[in-house]
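After this come two complexes, each holding subunit A, first together with subunit B and then together with subunit C.
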Partner chain A sequence: MSQLVFDPSKVMDIDYTLRTEYHAELERARASRTVLKELAYAPSLPERGYNDRTLYVNVDTLQVEEKPVTRQMKDVFLGGRGFGLWHLWNAVKPTTKWNDPENEIIICPGPVSGITQYSGTGKSLVVSLSPQTGIPIDSNVGGHFGPFLKFSGFDALELQGKAEEEVILFIDGQKGIMRFERITDCPEDSHVLAEVLTSLYAENEADRVNVSVVSSGAAARHSLIGMLNFSWFDQRRGCIRLKQAGRGGIGTVFRDKKIRALVCRGPRIKSDLNHVADQETLARTAIKYHKEIRDNDPHQCMMRRNGTAHIVEIMDAYDLLPVHNFQYGSHPDTVKIDSAYWQQRCTQRTSDGCWYGCSMACAKGADGVVLKTGPYKGHMVTVDGPEYENAAGLGSNCGVFDPDYLLELNFYCDTYGICTITWGTLCAFVMECWQRGILNKERTGGLELCWGNAEADLEMMHQLARGEGFGLIAGQGVHGMKRIFAERGWGDPRLMQDIGMEVKGLEYSQYMSKESLAQQGGYALTNKGPQHDEAWLIFMDMVNKQLPTFEDKAEALYYFPLFRTWFGLNGFCKLPWNDVVPSDNATTSEPAKVPEHVQNYVDVFNATTGLKIDKEEMIHQSAKVYNFQRVFNIRMGKGLREFDVPPYRSVGPVTREEYESRMERYDQQMRDEIGVDPEGKSLEEKMAITREFRMNRYFKLMDTVYQRRGWTPNGVPTQARLKELGLDVFPEVVEVVKNHGG
Partner chain B sequence: MRQLRIDLTKCNHGRDCEHECESACATKVFKLDDPAMAALHIRDHGDGTGTTILCDQCGDCVVVCPAEALKRNKLGVVMINKSLCVGCYMCVGFCDKEAFERNPGWAEPYKCTSCGICVKACPHAALEIVDVPEPAYRIV
Partner chain C sequence: MITVNGDRLDWTEGMTVRDVLKAKNYKFPMLVIKIDEVLVQPRDYDATTVPDGAVVNVLHLLSGG
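Moving on, here comes the complex of A and B:
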């Protein structure tokens, strides 16, 4: 694989200011608007990253209440995901289900969020009880809502209750007004809804830049896999853009509460609305980082040209790109959807950060896409990305290698409010069920869901948005489909268990972990389910070869989940940490950690908050929240060892075809690692030996990691570990642990 | 497009002058006594060589600015609109001539506006403002 070189002359000549406009929808919305309740409040700006105010809203009673952010909350939970988990813990009982009124959606930007200097600092963390897993889900999302919320006066927004009729919450941080509204003639799908509401709530065209909308879409209402779109106004394109809080079905909770949208109008962004402790350090660190991106990105990742899709061809070259439901790791047609194509298709002569100051600017956009199917057929739209996960999940994993269809799938997932990663993995499962005869035309209501059939894939999604047909079954996710198919006697439950790529109820994201023990743990030993943001170890394990020994892998599963948790406590994006690295990174003592960037984060945090932490304290801060979340899972009935077991597809070859496709590799491993001569053994015997070895190795890893994390062999944090972290001050937390032998 | 240029056959990096260009820029444009805070820099390395840091109005900063705070004026000169600037300093980081700068304590960065004050101040007439074609924006 050769290093890709960007050729500006090959970028498609597409006018990025042109798209279908929704003036009629705006006028209809304007004409059908009713104010349900309005109240005044005092806006504030944070001091050193915090307002010390939480906004509680009950969307049923329209009750609004302010709660203080206490010293203890800051000391233990820091902000962001930590605050979200703490509010959720207090809101729910062990018996609470995702669709009970007491379940909450909490949106928290984190103390650093909203600074405009360092890359990747505009994130919001969203927490709720997941419809898919029944345990807390956390999602890290860009867009401008979180910073606007913070600069309107609040460190967190708690949404509780279930409205009887659709409701919109508008927070005007410029005027100090909150309003509940109902718009009877209101679009539901995000690309129209966010565009319409941005214009509706902005006072004039120039003010649109100060408005952000949180919304979902029609498919979220009919499924468990709904996501939330967080918007920002793209000044150059003259339209809204969307970033997604994708995983775990938070959009489903949102629509179940009958929240149509949240709208925040913040003050005009300036350089120091966070009122940080040390603006000079912030500026110095930021400029240093911008220069590094300027100098290194063009010959490292080209994130500014390709976004995260730059790794499509790398994953393929290393046999790590999911193909046909994670059966295989590469495909000859990958060349049609690799970054050489996306850097030509995406608009390049613009600034694509999802928050101010992000020089990594990976929020690429494909403009001028004319849709071929569905309710928006013929519309010209701008499509986000596609990011790597979407190219792999909606593309190779389903055998779809037509980039136009890939963009269309990406678009409809976004506007319908469903998670692209989840859809990719569940559709891949559906297609493998088709391949193996578990599904057929009769069972799918006529949809021919074979590999690569993007039209059938799209129609399944349109059905879900309409609330009909096989699409409704797909919308239950892999976990739900396994149950439904088994109940109907359509297939062997053991096979479906092996090939259904979910743990805890959440679908896998798009990396082949079969050959990476570290990534097997990185997926199945996660708190929320198999999402790579907690432990994306596959690159350092398989590409950079930085985790050669069993001990290295186990240690990585201690350190990196904690390190990466810290991003979500503060409102940071993870990508600027290790996608582009300093020129001398390889010569440092721990290149996998990117030491210079870790120090940048310490400096930015200290400069913002005025605290004086170091890199060890950073891990300690994360460990408090990480262990709290583990206890929360146990409290909700899904936090023990039995729920950390991966489907065999993520560990080794399930089927004869998979083994045969990499026979040489597996036979070699049998000789070298297992100490068994494969000569003379039947394929079934070799598959059984491989399976036993690989699963035992996984369980050994689990034991080692649990011990390193300070957990019992059943995965329960010990009381000693709670004490070490200061979590023993919460009697309810200690009680959960005690009851489970911790 | 108005562009500041230097003739290095006339300027020897300040060895024969008092850096009048920098002083004039700092005092007359920014009302500061410190020439280090000027929008151009002439540096003598002490070994017979030197560095000049001048903005050539290439427009890379316009492309990277996420706030639409940088625009060319009718003379083609890139100007900063401070009311729109969000203080992200990407313009500073991405300027490969190191000509977009930030001074300590300043919220907004600054750059040369091809005003010509330095041209008048140079005792060797090494600086000039020229009119050149506006370059196409690059992909940065």
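Moving on, here comes the complex of A and C:
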């Protein structure tokens, strides 16, 4: 056990108020602004977390409609991701593709979202049909747009249609006005666009805190991996900051609909805007938690100093940090990008929360970054993070251990509107293809995409933003690249399948699952694709050995995905759950679940909504939405067993080098678990035996998990399970299940 | 010999909880440690010795993104 000590004398002395400003761009935007349509509406504030109103907008016809939030919607889908999935289900057909006009982007804050008492309560969920997977994607995002939308009168915003020309939607929750506008001389990349639009739509400088912008960037327009930036105005720094709805390509859908930006001007934030049912319980629970952060965070994860980057060196120490496209789990150069460095590089003189009242305040910012490449070369910018996923994905997984380049990669991913996790994993795949001769300079148009070449990595990204060259191919993601490379005869498709880290079309996030069977399931048995926000079980399984049987693993793969789904239904951030724990957590019966915090969530939910749930009902609430999403996947043609199979790289050693790097572990497994003596066997024989064993073990896990979840062996929720969850009231849902043997 | 999270580890005279963590390279800050089912508080990691034959469980709490 080690504890990084904060040493203020080591923090780089950077004036965090200095950066390049975009006054000329603002003036040009102001001069080229046209109002297409304006209408008045009646703003409202939520009662007990809900406005009971949905805002529907067709960006093609500029039709605006209000829809009620029904009792049934609240009972079954709760809010957030649940509302998003329900609206999307009603909007699309089984044949709908991501770029069809009927596909929607739905932004839903959730009933708890926007309270300012408890930490991590400013989240929104964004739902759409993903360009990468063809099934619903949900992405959890901070920034202020969601709460502002809610305090302007709406529990959800549905965006449908495809505009012929670029359009901006402005919702003014203070004045009760909605306006469609076009700005012909408008920046595209998010750090400029959000700054310009914040100034343009704020009534004066002091009003900028009430404005939030949703945008994407130039690379989203040319790729399948676009993400959305949600802004907030950082008063201390005097600039806009960005949080990302990263996964699954929602930014691509946004740009395909020719939406340049969404802007919401909310009311001045106060502590009682959600009109909660029980202010006293809420305040009591929150104060207890804030004290816990103050007392325990400095000697636990130090989230307030380091953010999620605190686990870079931890993952390295446990052989879990992805290195060179998930081949290895640690690297001697990790010390160059670990939290000791980020603690010095990130500004420590200002609080860094992404929503009011969050005392965890982990949205770290590296200020004074002067860019070395691309269209903003020479500009001084503030880079959010890097968070763990960015340091691992853009860094170690690609062999990039230069922190300056890592910040630049992080910055350009954000402003160009592409997902950092996806970019990290797809670039790692590209670099391994280079290593194995599948790619070369001729095929990449001159880019030398070898391990650690950050300049080539950046140029590939700039190409994508410009819509040219090999960058365009990279922008198709790992799934698309495997197909393109195979079609061009550039490599062995079986090898590319093994090393291409994607399931259902979505790239893996940045943890090594190779030695944890439960985590292999935690990734591949997800609804949307391999993101760690369903189940992060590596420590429980691989290190603690708390899950020795298939049944134990299946139970964890039942509980944790449902528990974590609940955050997305309500507008909670996951981090305050278990990145700090109460002092007496060790004495509880299930410390890994952090029981006191689970009870806090029950109390905050009940205090907000006036309902009376307990921790069992919390799981039941999630199970309704989780199973509905599974059925939705099946309806769209991608929810069955065959789509839950991981690439072998996430299960075991694909190459000789990988086997040799952990020879002792694999040989021991052969002796102890497979019952075969490795002595005298060739490396190829041992690799084949290991592969057969590990894949069979994974398939057995699938069977056990499906059974625990109430699904058929083909991964279909049974009719009995639907009935148990009350989903049998939806005939279309039952029909999908019936048609697939459920 | 002692057992740590199911794996065997050579025991030495006077071995403390801190020594076990070093030997296993357990660096995560949020741990719940039990020796033969008895909880050891973090403040006692340096002073608590581990007896030969002990079963040590080092529970790492979840974390991350």
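Definition applied: the second predicted complex is superposed on the first by the 730 of 742 C-alpha atoms of A that agree within 3 Å, B and C clash if a C-alpha of one lies under 4 Å from a C-alpha of the other, contacts with A are read in each partner's own complex, and residues count from 1 in each chain.
Here is the rule we use: a residue touches a chain if its C-beta (ideal position, glycine included) is under 8 Å from a C-beta of that chain, and two chains touch if they have at least 3 such contacts.
A quick note: this is a predicted structure, and the numbers were derived from the prediction, not measured.
*Asks:* Quick check on the superposed pair: does A:G353 touch subunit B, subunit C, both, or neither? Answer first, second, both or neither.
*Replies:* A:G353 contacts subunit B only, not subunit C.
*Asks:* With both complexes overlaid on chain A, does A:V400 touch subunit B (first), subunit C (second), both or neither?
*Replies:* In the superposed model, A:V400 contacts neither subunit B nor subunit C.
*Asks:* Tell me which partner A:T116 touches in the superposition: subunit B (first), subunit C (second), both or neither.
*Replies:* first
*Asks:* Is A:V126 touching anything from subunit B or subunit C once the two structures are fitted on A? First, second, both or neither.
*Replies:* After superposing on A, A:V126 lies clear of both subunit B and subunit C.
*Asks:* Regarding the shared-chain residue A:D272, is it in contact with subunit B (first), subunit C (second), both, or neither?
*Replies:* Touch partner of A:D272: subunit B, not subunit C.
*Asks:* Is A:V503 touching the first partner subunit B, the second partner subunit C, both, or neither of them?
*Replies:* Neither subunit B nor subunit C is touched by A:V503.
*Asks:* In the complex of these two chains, what residues of subunit C are touching subunit A?
*Replies:* 5-6, 18, 21, 25-32, 39, 41-42, 45, 57-65
*Asks:* For the complex, give me every residue of subunit A touching subunit B.
*Replies:* So the residues of subunit A touching subunit B come out as 6, 8, 11, 116-117, 235-236, 269-272, 279-280, 283, 286-291, 293-294, 304-305, 348-351, 353, 356-359.
*Asks:* Note which residues of subunit B are touching subunit A in the complex, please.
*Replies:* Touching subunit A: residues 63-68, 85-90, 92-94, 96, 102, 104-105, 107-108, 137-140 of subunit B.
*Asks:* Which positions of subunit A touch subunit C when the two form their complex?
*Replies:* The contact residues of subunit A facing subunit C are 1-3, 299-301, 308, 311, 313-314, 317-318, 387-389, 509, 511, 532-533, 536-537, 539-540, 543-546, 548, 574-575, 578-579, 581, 585-587, 591-592, 594.
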